[in-house]
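Just below sit the structures, each encoded as structure tokens.
In the two complexes below, chain A is the common chain; its partner is chain B in one and chain C in the other.
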Partner chain A sequence: MSNWEAVIGLEVHVQLATKSKIFSGASTLFGSPPNTQACNIDLGMPGVLPVLNKEVLKMAIKFGLAINASINSPTQFARKNYFYPDLPKGYQISQLDSPIVEGGFLQIEIGGEKPKKIGITRAHLEEDAGKSLHEEFENHSGIDLNRAGTPLLEIVSEPELNTSEEAVSYLKKIHSIIRHLEISDGNMAEGSMRCDANVSVRKKGSDELGTRTETKNVNSFRFVEKAINHEIKRQIKILESGEKITQETRLYDSQLDETRSMRSKEFANDYRYFPEPDLLPVVLDKKFIESVKSEMPELSEEKKNRLITEYKLSDYDADVLSVDPNLSKYFEEVVTNSSNPKLAANWVMGDLSAFLNKDNLSILDTRVDATNLGTLLARIEDSTISGKIAKEVFEEMWLSEKGPDQIIEEKGLKQVTDSTEIEKVIDQVFEENPTQLQQYKSGKEKLFGFFVGQVMKVSRGKANPEQVNKLLKKRLEE
Partner chain B sequence: MEEFYKLSIKEKLKGLKESAFSSLELTESYLQRIKKVDKKINSFITVLEDKAIESARESDKRYKEGSALPLDGIPIAHKDIFCTEGILTTCGSKMLSNFVSPYSSTVVKNFSANGSVILGKTNMDEFAMGSSNETSYFGAVNNPWKRNYVPGGSSGGSAACVSAGLASGATATDTGGSIRQPAALCGLTGIKPTYGRVSRYGMIAFASSLDQGGVLTKSAEDAAYMLKAMSGHDPRDSTSLNVDVPDFVDEINEDIKGLRIGLPKQFFSMNLPNYVEKSIDESIKIFEKLGAQVEDVDLPHIDLSLPIYYVIAPAECSANLSRYDGVKFGYRCEDPNNLDDLYMRTREEGFGAEVKRRILIGTYALSAGYYDAYYLKAQKCRRLVADDFSKAFKSVDFILSPTAPDTSFSLGDKTSDPVEMYKQDIFTIPANLAGLPGISFPCGEHQGLPLGVQLVADNLNESKLLRMAHYFQLNTDWHEAWPEIE
Partner chain C sequence: MTLKNKDLEQIAYLARININKKSFPSLKKELESILELVAKMDSVNTESVVPMSHPLDISQPLRKDEVTEKDDRKNLQKNAPLKKAGLFMVPKVIDEDA
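Entry: the complex of A and B
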């Protein structure tokens, strides 16, 4: 294994989040009944013509600028010809020469190693095909053309990734960029982001590329990792037995965790690309590109740096929070209502994330909004409650969706800071635990923690822990 | 009135406006004439009797209310390449012999918005591929001037029906000469506007970068009325030109004095029949008498036009016709065994020989390893042809030539030799390659068959072309002749 090296290039298809399709006015909404969102243009009716949705240009330009690429002007559409029932026109409008985005890069970081630059050859616009439904009908296949004409940005990397880990890291970076730019929801389960992996292996140190296979439509980060690992192992096994790799398209089966052959090169389509005569080359002048640039939101890299300087967060915290634009937005809202960014980061990444995960919710569907969480943290800081009680309050907030102050009030959770009150509790604890008191006094000082615990328990967590410490120490040393 | 059909559009509009007759009378007279005459020429695929009468009544109502539209009540026909909502739209093919379009083309909508009455849909070469109308699935069309002679193509049905007086005018399309060549062969005026002047939305595509809608009429003046109604920018067609449409009708009477006509050496060194040359010489003399200047021009790459065309047009058609696969609409073979069988038999059975020939040529020209040698080279040469015209238009306003190399020929004469058939368009194709407007109008006859002369002008100069043809027609009477068909 160790003397082999994998070479991986990824083709990522990203559905752009436009309201209408790339060449027609039909809606792109996901999940409607079959064929209800396909107009005459999407159906490829005789005589129809495509008209380019200007929004897709803006979105592609944003992506291009975010990956330091050049924007081609004019950019040109082309027809990619092949027959398939879910491709209504018998050709896909795509781009070949002069794709809108060309020659960019991004950086990936793996476990503290120094960042690695991954080249992005191009990103081009195209229309999605419909879906063939093979299971629903006996002896027939159904076709749903709702997806036909949904705008796609196909992002093609250089073959510069060498492990499945790097591939996943690259994909996550793309995922983060498109979500920050708000050009796609990046929902892999719904197919908003799909990945084809080109994999080959070669002897370490060699600079020649081996014969590659293309594994199609891998639809989660985990599957990408598994499919690539499987494919690398398979290819090494073949090469070590002295045989040759067949250049082919393969399909990943997530249930069996294996890839299998779909079609070999001999049966590959000759797509007969030629410039799309129904669409003129699109000129993107500097002014237009500048105006798109001015609309661009902060990217994760910039955001991370800002979180570090503005809130003094650790590199790790800033990294976690900046990956998801909605999470960082939530965090910043929490901070405006409290005053301790570190505490806010801990809560957002800790308790809040745990509750979200448990209920399988996204940050957008959180049951505790940022204002309420901010208020809760403010109550810790002004000593109204302890951090421990705050966890109890948070759980109640999550379940009841009530505000923190209401819960603290209703449940009488307000911290006890009156020393006579606390002294009373200490008296009670000493009374109930004479043995332990004796032991402590005869030198078993480890029992200090036990007394703190007992006092907190009797006060139902409401006693101010600092005061409890101070008073206990005083009393035990008497 | 017995001979309504002989009135010009201008005269019909006047009569309707002055209530000398109604659109219903006009429409019924055409429908009767179609019934009587069309069985001899087969120019219609679909006659829309009920719909025509209904819209004629609506037109009459608007005349009464004083809210008449520019072409209100004028009965016309549409080439069956234009989609018409709820109406059979076949494109002359078995593949679409059952296709009822769910929408109307922009051209059809424009005519309806101008109040025109649609008499029916006209016969054509299958998917507009042909120069004789003999590739139609719905049978050949007879030239009204002589039985068993072709009307030209691909807009043969539109040409024959107007020539026989079965419609005031007809829409048509021109990819390599499909308006102008039938105009010449049937003694009509036919104009192919600048590429992008008329919307292609809903006009079933043959070769997208060459296809352009236009009209076939008896006279240049009729053409001006029709073209005015059908032209204009269409946001649904990205190649549609966003420019104002001149008032072709108003501008037709402007002077032509001082306009310069160029005669391309290359065209006049060909071995043409002497009666063709003679008719062209006489046309030139008429223009000179009207004050035009005539000089020779050089179009050095023009002889490349035919080979360029027969790479680009088939290449585009090979993709444009991929959608006819038996899956969504149109013809589907019976009991396919599997997907490949469905595709292959549907297309084998649904397309005619000429269409298949062009799909194969186009597929080949775009294939890996051949693309650069054929398609790319053809595109580069196309640029050379366009540049030739640009240069010529620096010194002249028009390029004059015969429209077709000869008069009409008899049915079956050229069907076994595709290249002979392709040569029909040798004079018309260059304008399509360069996207330029061209017009053909009658300039003579030989043995009872009409001859046409063609003028090509620089971009967006349709008005000038119509004016030239109009002045010619004010001084000749070739366009006024009617075939004896009853």
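Entry: the complex of A and C
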């Protein structure tokens, strides 16, 4: 591996989260009965005319602005011709010349190294095809055209990634951007985000690109990493044995963890693109682009910087919280109810995340809402309960979905700050542990911690630890 | 501009048209005359001409993102020769280049 270098470019297809299709008023809802969301336009019936969905343009422009790209105006659609039963028209409406987004970049960071800039050649709009079901029927394939006409944004990177790790980092960045922009749910398992990887290898230091292969439709971050690693190894082995790489399309098989040939370049499709006569070039005036710009939400990098300056969070905390827009939103809601951002960050990233993971829930389905967690943290700060008791209350909140105050009240968990109460407990502890008391008085001061522990135990964690410390010290020195 | 038989076969394959070999000579002639016409444009200086992708000089009208279509499957599948459980059934397709 050492004297070889991989060159990777990614093509990412993102389903845009519109209500209706890119060229028709049919619904894009996932999981409906077959062909109930495919209208005559999606079916390519004679005489129909596609009309472009305005929201699709807005979403693509948002993405373009987020990656510092140019927005082409006019932007234009083209027909990509090929035959397949799940493509009823015999062509896919896509873009070739003047794609809506051209020439942007984003930055990836890997393990504290300095950020690397990855160029994005273009992002163009197109319609998705339908689905073919091959397995269930003998001699026939079933065609479901519900997905036909769903808007896709295809994002094409420059071949500037050199490891599978960089490729995954790039993908995660794209994933984060589209989710922050709320232009796609980015659900890879449901196919809302799909990835094709172009991989080639060359001798380190060489400027020439090797022959590349394209690995299709890899549907999770982990599989992207594995598929690319597999492909790099395969190519190096071929080259080291003196043979040549065939330019071809390959398919990743996650069960066997290998890629295998789908079609070679010899049979490659010739798509015979030409300008789509049914759609006029789309002129995007400055005013329209400005109005889209004004609707842009904060992106993860801006958010991270704001979390650091506004809440004085560490770089690490801000990083974790800013990746998922829903998590950072939750965090900020907690802070409005508590006022100690560092404590809030610890709880959101610690206890809350642990409970979410355990029950396999996303932050949107949390059983403890931000207001309640904020109130709980406020009770730690105003000394109603200790941090330790708070964990107990939190667990109860998670299970019962009750508010923190109600639980503290019902379970009698209120912290004891009344010194006479604490003194009483201390008396009891001294009485029950005469030997230790004697030992302490004869110089074994290490036992101080033992007494603190006993007092906390007897008070069932409710005694205020600071006061216990102070009062114990006083009593033991008497 | 001369076309080879292989070119003709490739074009026919891409368009999924079955062509009788007997008609190759006459077809070639016709296609070559079309290509010659197009080739004439190469001799014209078009440096200052903006490429035109559509004859109409207006921008594409847009629609709002609203669901306006209802399920019309029954009607739309009327012409389908074979259907099953709401699916259009077609002869088994596996990517033929595989």
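In this section, the second predicted complex is superposed on the first by the 458 of 478 C-alpha atoms of A that agree within 3 Å, B and C clash if a C-alpha of one lies under 4 Å from a C-alpha of the other, contacts with A are read in each partner's own complex, and residues count from 1 in each chain.
Throughout what follows, a residue touches a chain if its C-beta (ideal position, glycine included) is under 8 Å from a C-beta of that chain, and two chains touch if they have at least 3 such contacts.
Since the model is a prediction, treat every value here as computed from it, not as a measurement.
Colleague: Contact-wise, after the overlay, does A:Arg79 reach chain B, chain C, both or neither (first, second, both, neither)?
Modeller: Touch partner of A:Arg79: chain B, not chain C.
Colleague: For A:Asn35, decide between first (touching chain B), second (touching chain C), both and neither.
Modeller: Second partner only, chain C.
Colleague: Touch test for A:Ala26: chain B only (first), chain C only (second), both, or neither?
Modeller: second
Colleague: Between chain B (first) and chain C (second), which, if any, makes contact with A:Val51: first, second, both or neither?
Modeller: Touch status of A:Val51: both partners.
Colleague: Tell me the contact category for A:Pro281 with respect to chain B and chain C: first, second, both or neither.
Modeller: Touch status of A:Pro281: second partner only.
Colleague: When the two structures are overlaid on chain A, which partner does A:Leu437 contact: first (chain B), second (chain C), both, or neither?
Modeller: Neither partner.
Colleague: For the overlaid complexes, name the partner, chain B or chain C, with more touching residues on chain A.
Modeller: C
Colleague: Going by the contact rule set out at the top, does A:Ile143 touch chain B (first), chain C (second), both, or neither?
Modeller: Both partners, chain B and chain C.
Colleague: Does chain B (first) or chain C (second) touch A:Ile236, or do both, or does neither?
Modeller: So A:Ile236 meets neither chain B nor chain C here.
Colleague: With the two complexes superposed on chain A, say which partner A:Lys89 touches: chain B (first), chain C (second), both, or neither.
Modeller: first
Colleague: Can you list the residues of chain A that touch chain B in one structure and chain C in the other?
Modeller: Comparing the two interfaces on chain A, one with chain B and one with chain C, the shared residues are 40, 43, 45, 51-52, 81, 83, 85, 143, 270, 272, 277, 279-280.
Colleague: Chain B touches which residues of chain A in the complex?
Modeller: Within the complex, chain A contacts chain B at residues 40, 43-52, 79, 81, 83, 85, 88-91, 143, 270, 272-274, 277-280.
Colleague: Please output the residues of chain C touching chain A within their complex, sorted ascending.
Modeller: Answer in residue numbers: 10, 14, 16, 51, 53-54, 56, 58-69, 71-73, 76-77, 82, 84-95, 97-98.
Colleague: Using the touch definition up top, name the residues of chain B that touch chain A in the complex.
Modeller: Against chain A, chain B makes touches at 82-83, 89, 91, 96, 99, 101-103, 105, 200-205, 207-209, 235-239, 315-316, 318-319, 321-323, 325, 327-330, 339, 343, 363, 366-368, 371, 375.
Colleague: Could you pull out which chain A residues touch chain C in their complex?
Modeller: 18-20, 24-27, 33-40, 43, 45, 51-57, 74, 76, 81, 83-85, 97, 132-134, 137, 139-145, 262-264, 267, 270, 272, 275, 277, 279-283
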